[in-house]
Structure formats: structure tokens, C-alpha cells
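The same chain A turns up in both complexes below, where it pairs with chain B and then with chain C.
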Partner chain A sequence: MKVRFLSDSETSCTAVIEGISAPFANALRRVIMTEIPVYAGKDIIIYENSGPLFDEVIAHRIGLVPLTTPKDSSEDSKSVIISVDVAGPSMVTSADFVSEDPDVVPTSDGFPIVKLGKGQRLKCNIEGVVGYGKDHTRWQPGLASYKNYPSIVIDTVQCNLCGSCIKACPRALIQKDGDVLTVVDAGSCMFCRACEEACAQSNEKSLISVTPLKDVFIFMVESYGAMPAKDLLSTALMVIENKARALDQNLSGA
Partner chain B sequence: MIVPIRCFTCGKPIGHLYREYCERTAEGENSKDVLDELGLSRYCCRRMFLTHVDLIDEILEFSV
Partner chain C sequence: MSEAFSTDDEPKMYKCINKECKAELSLADLENVQGVKCPFCGGRVLIKLRAQDGKRVSCE
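Moving on, here comes the complex of A and B:
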């Protein structure tokens, strides 16, 4: 198995992973989006709301604000109380959230909750609870997707350098390098097969073949701020491992 | 009404980017460039800003 990172930042990372199967890649994708434990506002106690939006709308908006999550959080982690007390006229934002735990705070100060007019007030307590994306979007820590890595093979012996494939490729991935055609940045290929078609029209049969490699994947992870994108990958793998271990224990006990 | 916290389709948090988007487009910058720089690459997130109508100021004088 080989892993090569194409890009890696706090918010997103892309890796080429060799030697895994499609079902495993899909399991990883699904676990990242639905089964990583993260904090989000669940129960909201509203003491005073004289602003223009209904209690339910405010509770919904507050719940969707992503919260940072310490690395070893789990279902059993204790809940965190975040209090809000703002008097208008002003815009209530996530900067007004006062958390009792400095590790569980909004990922950005700029989330607008509600705008208050003169004499209006919002006072509430938010109970931040660890949950899973499969139960509600508020606990979705990020987005993951993958695609097969392409294998683009050009028959250089029979190729007459007519250049029709170069013109056909919408992403300009085929280039003329001296008297051979080379493929640059194959990972950007979207399997449209326009090059194959163009080649088959100019010649008797297509001299280019584009096929997805069955065990090489380009895996993309985007974090919504609860934890760095790379941590989402490692946490997801731990979740899968724990599930397998739990099953194993039950098997030996049965 | 008021800009949504997350994209309806993919769940990406976008609410905190709206102010900068408004300020920069008001200065005459191209919406496309601003959306690109804010990191809204998918068209589901882009339509959230492009089609949003901010009406919160209209209802501000009413209380529930």
C-alpha cells in the first residue's frame, strides 16, 4: 500500500492511495461523513428572545454552527455549556458564544445567528453534545470523496502525431513532447474519453486507451473545522478498527 | 431572510463568509473571483450566495 499526498492543509487534503479496494475506500468515505464523533449544539434553552426570528429558527441556526472538537472526544465526553447574552441593536454572531470549555468553541467568530433591533435581546444557553453525522448534519465534520486514478496508455509506435486527441481533451492533459505524446497531470482526467473518440475518428481504431485503475484512488477530504482534514482520515480509520474489534469480541464470545 | 449557516446540499459552513462576499462585491469585484477566493468551489455552495436575498432588516422592527 502506498500513499502520496497531493495537497495537505488544515481544511482539505488530497491523497493518491494505492492498494485499497473500492469497498474499503467507500467505507472510509462514509465513516468520515457520518461516524466521527464531534461537538455541536444540541439542546438550547432560550430565556429571552425578543428578536425578529422565532425560537426554533434560532435554535436551528445555533445548532448548525460547527464547534472545534478535542482529539480524543467520544460519545461519552461530557457536554459543554455555551452561553449567549446579547442586547440589540446588534448582529448576534458566534463571537458572542461564551464557552465553559476553551477547547469547544465555534470554528469561526463570524457566523451570523440573528440581527437584533433596538430594545431586543437574546439570552440562551447551548448544550454542546458529541454526536454523529448520521443523526444530523450539525455533527457532519467534513466531506470525503474519491475517484479511480486513470491509466492513459498511448500506442506511441502506431501514433502518427495527428494531434486530434490534444485538441479533443477538455482539460488539455495530452501534450506533444518532441515526437511523442505525453500525459501531464493524469489525476485531473475525468474519463470523458473524448481523446479515444477523436483518435478513433482520425485513425482506423483508437490508439489511446483510458481505463480506471481498480486499486488506485484519488481520495479527497474536506474538513469543516472541527479537526484538521488529515485527522479526519486517521479518526475514521480508528472508528473502523474499533467496529471490527467489537465484532471480533462478539464472535469469540458467541 | 438571513444567510444560512451551512450549504443546504453539502453541509459546508458558509455563513461566516457572507459579510466579506457582500463587502467585496459591493466594491465592484467580480462575484466569481470572490467565490473562488472564499473557497466555495462547488456549485451548491456558490448558489447559496448568488441567490440569497437578505431580508432581515425588513423584519427587524417586529418582535416575536
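Moving on, here comes the complex of A and C:
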């Protein structure tokens, strides 16, 4: 099994993973989106709300603000109280959230909640608890997707360098390098097969074949900020490992 | 503002919006007048006050 990162930042990462099956890649994708424990607002206790939005609308908006989550958090982690007390005229944003735990804070200061006019006030406490994306989207830590790595093979012996495939490729992945055609950045191929069709029209048969490799995947993870994208991958693997271990213990006890 | 009707142990649930009155009223205060109106100024528009211990709202 091989892993090669194409890009790696705090909010997103892309890796080429060799030697895994499609069911395993899909399990990893689903666990990342639904079974990683992260903090989000569960309930809010409103003491004063004289602004233009109803309590329920404000609660809904606050609940969707992603909160940073320590990597070792679990279902048993204690709840965190975040207090908000803003008097108008001003815009209430996530920058006004004052958390009792410095490790559990909004991922960005720019989430708008409500615009208060003169004499209006919002005072509330947010109860942040650990939850799972399978219960509500506010506990979803990010997005994950994958696709098969493409294999683009060009029959360079029979190719007459007509260039029709170069014009046809919407992502300009095929280039002329001297008297041969080369493929640059094959991972960007979207399997449209326009090159195959163009080649088949110009020649008797297509001299290009684009096929998905069955055990090589390009895996993309985008984090909403609760934890770094790379940590989402490792936490998801830990969740799968714990599930497998629990099943094994139950099987041996049965 | 008169305190004739008000009893301290009753929770205040309503507020008169008359700018010159702004009396906070309990249910007992309202029972002592005919109809729904402020017993102090006669104002007919009352707003409900928020409970002191806060209102719990689910983020769903």
C-alpha cells in the first residue's frame, strides 16, 4: 500500500492511495463525513433577544457555526459553554463568542448571526457538545470524496500525431513532446473519453485508452475547520479500527 | 407609578409599553382590572416578559 499527498493544507488535502479497494475507500469517505466526533452547538439558553430574528432562527444559525475540536475528543467529552452578549447597533458574529474552553472556539470570526439595531440586545449561552454527522449536519467535520486514478495509454507506435486528441481534451492533459504524445497530470482526467472519440474519428480505431485503475484512488478531504484535513483521515481510520476491534471482541465472546 | 396592586412574590410576566408607565405586571395585577389593560395607566398594549432563567432552544 502506498500513499502520496498531492496537496496538504489545514483545510484540504488530496492523496493518491494505492492498494485499497473501492468498498474500503467508500467506508473511509462515509466515516469521515458521519462518524468523527466533533463539537457543535446543541442547545442555546436565551436570556435576552430583542433583535429582529426569532429565537429558533438564531439557535439554528448558531448551531451551524463549526467549532474547533481537540483530536482526542469523544462522545464522553464534557460539554462546553460559550457565552454571547452583544448590544446593538452592531452585527453579531462568531467573533463575539466567548468560550470557557480555549480549545473549543469558532473556526472563523466571520460567521454572521444577526444584525442588531439601536437598543437591541442578544444575550445567550451556547451549550457545545460532541456529536456525529450521522445525527445532524452541524456535527459533520467536512467533506470527503474519491475517484479511481486514470490510466491513459497511447499507442505511440501507430499514432500519426494528428493532434485531434490534444484539441479534444477539455483539460489539456495530452501534449506533444517532440514526436510523441505525453500525458501531463493524469490525475486531473475526468474520464470524459473525448480523446478516445476524437482519435477514433481521425483513425480507424482509437489509439488511446482511458481506464480507471481498480486499486488506486485519488482521495480528497475538505475540512470545515474542526480539525486539520489530515487529522480527519487518521481519526476516521481510528474509528474503523475501533469498530473492527469491538466486532472481533464480540465474535470471540459469542 | 402606583404599587397598589403589585405583590412582590408574584413573578412579573407582562410589561406595559406606554412610554410614561412601563410597569411590569404579574398575573395577579391583571386579575384586578376588567379586560386586559394596565392597572396603572390603563394602557391596552402589554408585552410578555422573558423568563429570568432563560429559554432553552434546540439548535436543530
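We adopt the following convention: the second predicted complex is superposed on the first by the 254 of 254 C-alpha atoms of A that agree within 3 Å, B and C clash if a C-alpha of one lies under 4 Å from a C-alpha of the other, contacts with A are read in each partner's own complex, and residues count from 1 in each chain.
Basically, contacts are C-beta pairs under 8 Å (C-beta built on N, C-alpha and C of every residue); 3 or more make two chains touch, one makes a residue touch a chain.
This one's a predicted model, so the numbers in the text were calculated from it and none came from an experiment.
Enquirer: With both complexes overlaid on chain A, does A:94 touch chain B (first), chain C (second), both or neither?
Expert: first
Enquirer: Where does A:52 make contact in the superposed view: on chain B (first), on chain C (second), on both, or on neither?
Expert: In the superposed model, A:52 contacts chain B only, not chain C.
Enquirer: Where does A:107 make contact in the superposed view: on chain B (first), on chain C (second), on both, or on neither?
Expert: First partner only.
Enquirer: Taking the superposition as given, does A:117 touch the first partner, chain B, the second, chain C, both, or neither?
Expert: The answer is first: A:117 touches chain B but not chain C.
Enquirer: Once the shared chain is lined up, is A:42 touching chain B (first), chain C (second), both, or neither of them?
Expert: After superposing on A, A:42 lies in contact with chain C but is clear of chain B.
Enquirer: Name the contact category of A:24: first (chain B only), second (chain C only), both, or neither.
Expert: neither
Enquirer: Residues of chain A touched: more by chain B or chain C?
Expert: Of chain B and chain C, the partner in contact with more residues of chain A is B.
Enquirer: Does any part of chain A touch chain B in one structure and chain C in the other, and if so which residues?
Expert: Residues 49, 55, 64, which sit in both footprints.
Enquirer: Which part of chain A faces chain C closely enough to touch in the complex?
Expert: Those in contact with chain C are residues 40-49, 55-56, 58-60, 62-64, 124-125, 136, 138.
Enquirer: Within their complex, state which residues of chain B touch chain A.
Expert: 1-6, 10-13, 15-19, 39, 56-57, 59-64
Enquirer: Mind listing the chain A positions that touch chain B in their complex?
Expert: Residue positions touching the partner: 11, 49-55, 61, 64-66, 94, 107-112, 114-117, 120, 137, 140, 143, 222, 224-225.
Enquirer: Considering the complex alone, what residue numbers of chain C touch chain A?
Expert: 50, 54-60
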